[in-house]
Amino acid sequence: MAELLDRLQRAELPAAAQAFRAEVKDFIAREMPPLGADVRARSWMGFDAAFSRKLAARGWVGVTLPKAYGGAELDAFRRFVLVEELLAVGAPVAAHWIADRQSGPLINKFGSEAQKQSYLPRICRAEVFFCIGMSEPNSGSDLASIGTRAVRTERGWVLNGRKIWTTNADKCDYSIALVRTSGLPADRQAGLSQFIVDLRLPGVTVRPIVDLSGDAHFSEMFFDDVLLAGDALIGQEGQGWQQVNAELAFERSGPERLYSSVVLVDAWIRWMRRNGQIEQHAETLGRLLAHLATLRQMSIAVTAKLAAGESPLVEAALVKELGTTYEQEIPSIVEAALGASPGQPADPELLRAAAYLSHMAPTFSLRGGTREILRGMIARGLGLR
Amino acid sequence: MAELLDRLQRAELPAAAQAFRAEVKDFIAREMPPLGADVRARSWMGFDAAFSRKLAARGWVGVTLPKAYGGAELDAFRRFVLVEELLAVGAPVAAHWIADRQSGPLINKFGSEAQKQSYLPRICRAEVFFCIGMSEPNSGSDLASIGTRAVRTERGWVLNGRKIWTTNADKCDYSIALVRTSGLPADRQAGLSQFIVDLRLPGVTVRPIVDLSGDAHFSEMFFDDVLLAGDALIGQEGQGWQQVNAELAFERSGPERLYSSVVLVDAWIRWMRRNGQIEQHAETLGRLLAHLATLRQMSIAVTAKLAAGESPLVEAALVKELGTTYEQEIPSIVEAALGASPGQPADPELLRAAAYLSHMAPTFSLRGGTREILRGMIARGLGLR
Amino acid sequence: MFAEAIASLLQDRCTPQAVRAIEQGGSPAALSAALEESGFHELLAPEDAGGGGASWPDFHRVIELCGAHALPLPLAQTMAARAVVRAQPLPNGWITFAPWLVREADGSLRAGQVPFGRTASHVVGMAGDVALLLPVADARMEANGVYGSLAASLRWEPDAGTALDVTLPAARLQGLAAAIHASLLSGAMKKVFDLAMGYANERAQFGKPIGKFQAIQHQLSVMAEHVAAAAIAAEAAYHTEDQGLPAYAACAVAKARTSEAAQLVASTAHAVHGAIGVTEEYDLQLYTRRLHEWRMADGSETYWHRALGALCVQRSDALFVDLAREVFA
Amino acid sequence: MFAEAIASLLQDRCTPQAVRAIEQGGSPAALSAALEESGFHELLAPEDAGGGGASWPDFHRVIELCGAHALPLPLAQTMAARAVVRAQPLPNGWITFAPWLVREADGSLRAGQVPFGRTASHVVGMAGDVALLLPVADARMEANGVYGSLAASLRWEPDAGTALDVTLPAARLQGLAAAIHASLLSGAMKKVFDLAMGYANERAQFGKPIGKFQAIQHQLSVMAEHVAAAAIAAEAAYHTEDQGLPAYAACAVAKARTSEAAQLVASTAHAVHGAIGVTEEYDLQLYTRRLHEWRMADGSETYWHRALGALCVQRSDALFVDLAREVFA
């Protein structure tokens, strides 16, 4: 048996995590704003600072961060439960999401003590929101070809260039940007560094990018002679590529790779029940249930490895590829089903939820690695590369 | 619009071909042996010399060959109709199939007048049957790496080596073998030639290969110092590779890429009708019908190009890839449907037909080019290579 | 001839900018006037009646171009309505179809998600087998709120509309409406395929055009297969004839096959494009949004597979190959 | 512990040659005796009753190995039958399940395509909710004629068999029988994956191992995903419990997910192998033939998706994620 498959062992959530679930469900029942399915379908693109602050007040932002900085230090299983319950109802978590899952852990891992003290407590109180700054207009999945550049001067670092596909940059306070500090784009991953860029600094311009759903979740950031203090550098100069890969690893695990479309399934079921259509699509529902129950077991298996202090990158890639396929096929399946009764089309809210997910589903396999990259990781894990 | 797609224009069978269909249906009604669905599912693996001779007597073997040699000179549309009707009922056509579609046309195109006079009339009378001799144990789809070798001596060519995956070699009279006449396997396509090998010659050994269905349609041919007369060489010495590619082109067009599993669909429908199950699988049948009706239109479009004297290689590859997917998914769909009623399993004949096609379906995408090769041809046709 | 004429008109007047403006509620008057002047409304009418004398296959080629240009007006339905309703004059302006009208308990008429409901002035609908002409102005309109969608649900009072002298059963108009969407889908898919090909040839990554990578080549090859299948299925429907319209089973295959392909074509095009493809300012979304909407419009593949399945049940004594042949015979 | 023991036994005695011989009608006596001596029949019985005291998860791991070795005997069903039928002794020898017995109009009992029907001596069947022990020797047997298949249809006279003191509804035994096939499928898929990996690393074409080609790597990666999904679904079923057996919905998911994966895994393995894979003398077919047969046995994914769909309908007020969680809770 291939060792990779042996490493992905079934596990279960411990009783404590199960008990924690009741707390989360209770919180959601009380604090979740009343939103339509089409809004909830946006979930982790949905920016709601007030909701994030309520979560923070409950102690659930900065979940992996040390208590010393205001973090929750939730174990991996409780994190799984928290994320699962939030995404199951499509809670609007985008405001704090990146800081919670990527920027905060990055600062905690690579930052100086001063940086930690400056940023982490504010992250945990949901006072400051972060976004990513990796892609560039001509980089695509070839991140190493980055051309945005920071030059060291007597006054500090001077940043020039642009970043694109940053989520909610117009509403965030900081971006952690991967930029070139030496060499040329042709030098690829050598000479890249990471900076915490205060988005209110002079020379920073954010242009929201309207997408095919009419949303403006994405944006482009322009840096024109932005002067960064010396302590904006995070981690080691020239080590940006290595740091980013560690950061991507955080992003590649967890239940957010299964649940992007589940709000639609619930909305569809409710609509079918009201319209007497559920029996004719029961087999389809049964298949979706079999897949979700299985994917959830796989995701828990990955979580158990994280809980055990391992770094299950390949296992996570494997689960993510399957999970993304699942998330992407749901809107397609629902579309076909809604079109099965042209005399009784869906109500507008359900239609909007279906359309949003149908239109955005292609991006699910861009988040944190394309299909080709994930399959390549798995192939490497299998020893084929 | 990509030029490739513009080239695949809808066409229709002319009235004469439609009238010809009645003749073929009439012939089949009278001459088709009474075979179970599991036997008919073998169709163009099914060797029945008597049936082939009946077809020959009707003038329908050697359909592309000149009348001067006893051929039928059927136009491309009539050939389409003949093949369609034979495969629709799973007629056992394997005995003459290769001679009819590949070896005969090859001899007609590249052979000397003496070779034509020797072989073509016998092919058209279904007196001699041919098989292919291309693959070798270590060649796979890398045909150019061939190691079987013919050396010119004073007495003629001396052939040594082995060929594998030859269909029905134990029942055939001749094989057209692609062998090396100069250079080394490392020289690849250079130095290859084609020979008509009389399988009754001393030094030829045929070993049938039992497959996972218990059939022995495949076989391995061993050549030990087989002495071939000088006129066994077909076409030009050293031109074997070019000739084979022309031969593969013959193989890549036509309705045999749609109908491999259609006998199973008919058997399944009959069984469902008898057992009151057809309503619950109606949607599945509807989808199969939509795909087949469309694929058939595509196949007719390719046929029309052949009829117009063109060589629609890329168009044929495109239709074949879709058609093969269809042929392969049918047994899988039927399997799932048969397993939907565990209290009422299929009768043995239907089960055997389903099992045969489920087991052999993987080979459908090996015949005449793997999926990767076909997609590569399409990509080239699109100008991407 | 007709195709060349419409292509040039659409190229000039139905630009991506014009489409965006109309989607966002701008007036379609200029585009509308250009099309009305061109006489395409009467494309299918006999030449001696002042029409274009076009055949159904001509009509298909024209509609494909409407799809490829994301035309935000129901030109296809307007032309087809005039071919269906021969016995009486139809009003000027844009007509769309609602072949699955529902008569509510209170007598009001409901038409859900009518394609081009926001830009049409009249609806030709079927309530059971009764054909009705319904002014959109008399309806309560509910837009669906999907970004850029021109579909809308319409509801009329019980006495709304006028009966039409059309003797076709509802299924026939349903089939025709579906065939129209099959043609629109085919046209939009060809456009989407062109955009994906263009992008693959232009966009470089890791030092070469992404179209040189085997994974992208395979995606485009498979996409080409499905675009070709959809195109031929849509076209073939118009070469069948039953009581002057494309035959029902052929329309069913056309809409089923194009709808199934639409999903694959849209998702592959976006996969090839990456993030740029989902931005509003890049044109791809004009067409892929329609692929999703038109896949559902007038019955998704699920609806039409079921309709064809009923045919298979009814004709379960026939050879399956014969059944497949008869669809387009 | 149990897994290691059975693995070593199967490695020695259940060789591909032995499997082939039994499939072709050879006597299973030697293999049978080796297994009976080992005491695995009583794996699930409590230790104080002389059994193995194994848990259901232990049982699953043992069955997976039976699947991976294509064991031509119903060891899994025999072990499980003894766990289901606690109140009375069961005969020695091999017992298989027929949880969908049909009582014909003339009173005779029919069991279609009973797994291991050709090598079992008894059948534990459910006719409605009545459990019966039926000797195979008393049945009219009809082999299906599929090459190498050990399944057979059995028919008994009206008065055949003896009632068993089992109070479970038929659905529960159906679920257990399906879960057993899920484990067998998972084991066979792991074996098939290993063979494909081995072949990809060994077989060279165009001058390098085919496993170095991106297309093959992607096929194997996707295959790994589905093998992993199937394995975890099968295993998870045995960590649920309802009245001493794996819970029904969990069994349904296990069989549905493994059956769906089986098709992809079998076809990908053959695609990687090329022609050699379909030869009788190469071992791959021993396992892929079973993937096809076991996919259908005790309900294909279609059957179990429908069963799960009924659950979704019944619980349509629950959050879908909660429903998914409860399956394996």
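Of note:
Order of writing sets the labels: A, B, C and D. Residues in every chain begin at 1.
Quick note on the criterion: a residue touches a chain if its C-beta (ideal position, glycine included) is under 8 Å from a C-beta of that chain, and two chains touch if they have at least 3 such contacts.
The model shown is predicted, which means the values in this text are computed figures rather than measured ones.
Centroid analysis (C-alpha atoms only) places C farthest from subunit D. The geometric centre of subunit C is 49 Å away from that of subunit D, both derived from CA atoms.
Centroids built from CA atoms put subunit C at 37 Å from subunit A. With centres taken as mean Cα positions, subunit D sits 39 Å from subunit A.
Shared interface positions of subunit D, i.e. residues touching 2 or more other chains, are given as 215, 218, 301-302, 306.
Along subunit A, residues 372 each make contact with two or more other chains.
Shown here, the protein chains touch in an arrangement that is not a line, ring, star or fully connected set. Residues 1-2, 4-5, 8, 10, 12, 84, 88-89, 259, 262, 265-266, 269-270, 272-273, 278-279, 281-298, 301, 318, 321-322, 372, 374-376, 378-379, 382-385 of subunit A touch subunit D in their complex. For subunit D in complex with subunit A, the touching residues are 190, 193-194, 197, 200-201, 211-212, 216-218, 220-222, 224-229, 231-233, 235-236, 239, 252-253, 256-257, 260, 301-302, 304-313, 316, 319-325, 327-328. Against subunit B, in their complex, subunit D makes its touches with residues 99-102, 112-113, 142-149, 153, 174, 203-206, 215, 259, 263, 266-267, 270-271, 274-275, 277-281, 285, 288-289, 292-293, 295-303, 306. Interface of subunit D with subunit C (complex): residues 214-215, 218. By the touch criterion given at the top, residues 38, 135, 138, 140-142, 145, 164-165, 209-214, 218, 328, 332, 335-346, 348, 351-352, 355, 358-363, 365-366, 370-372 of subunit B touch subunit D in their complex.
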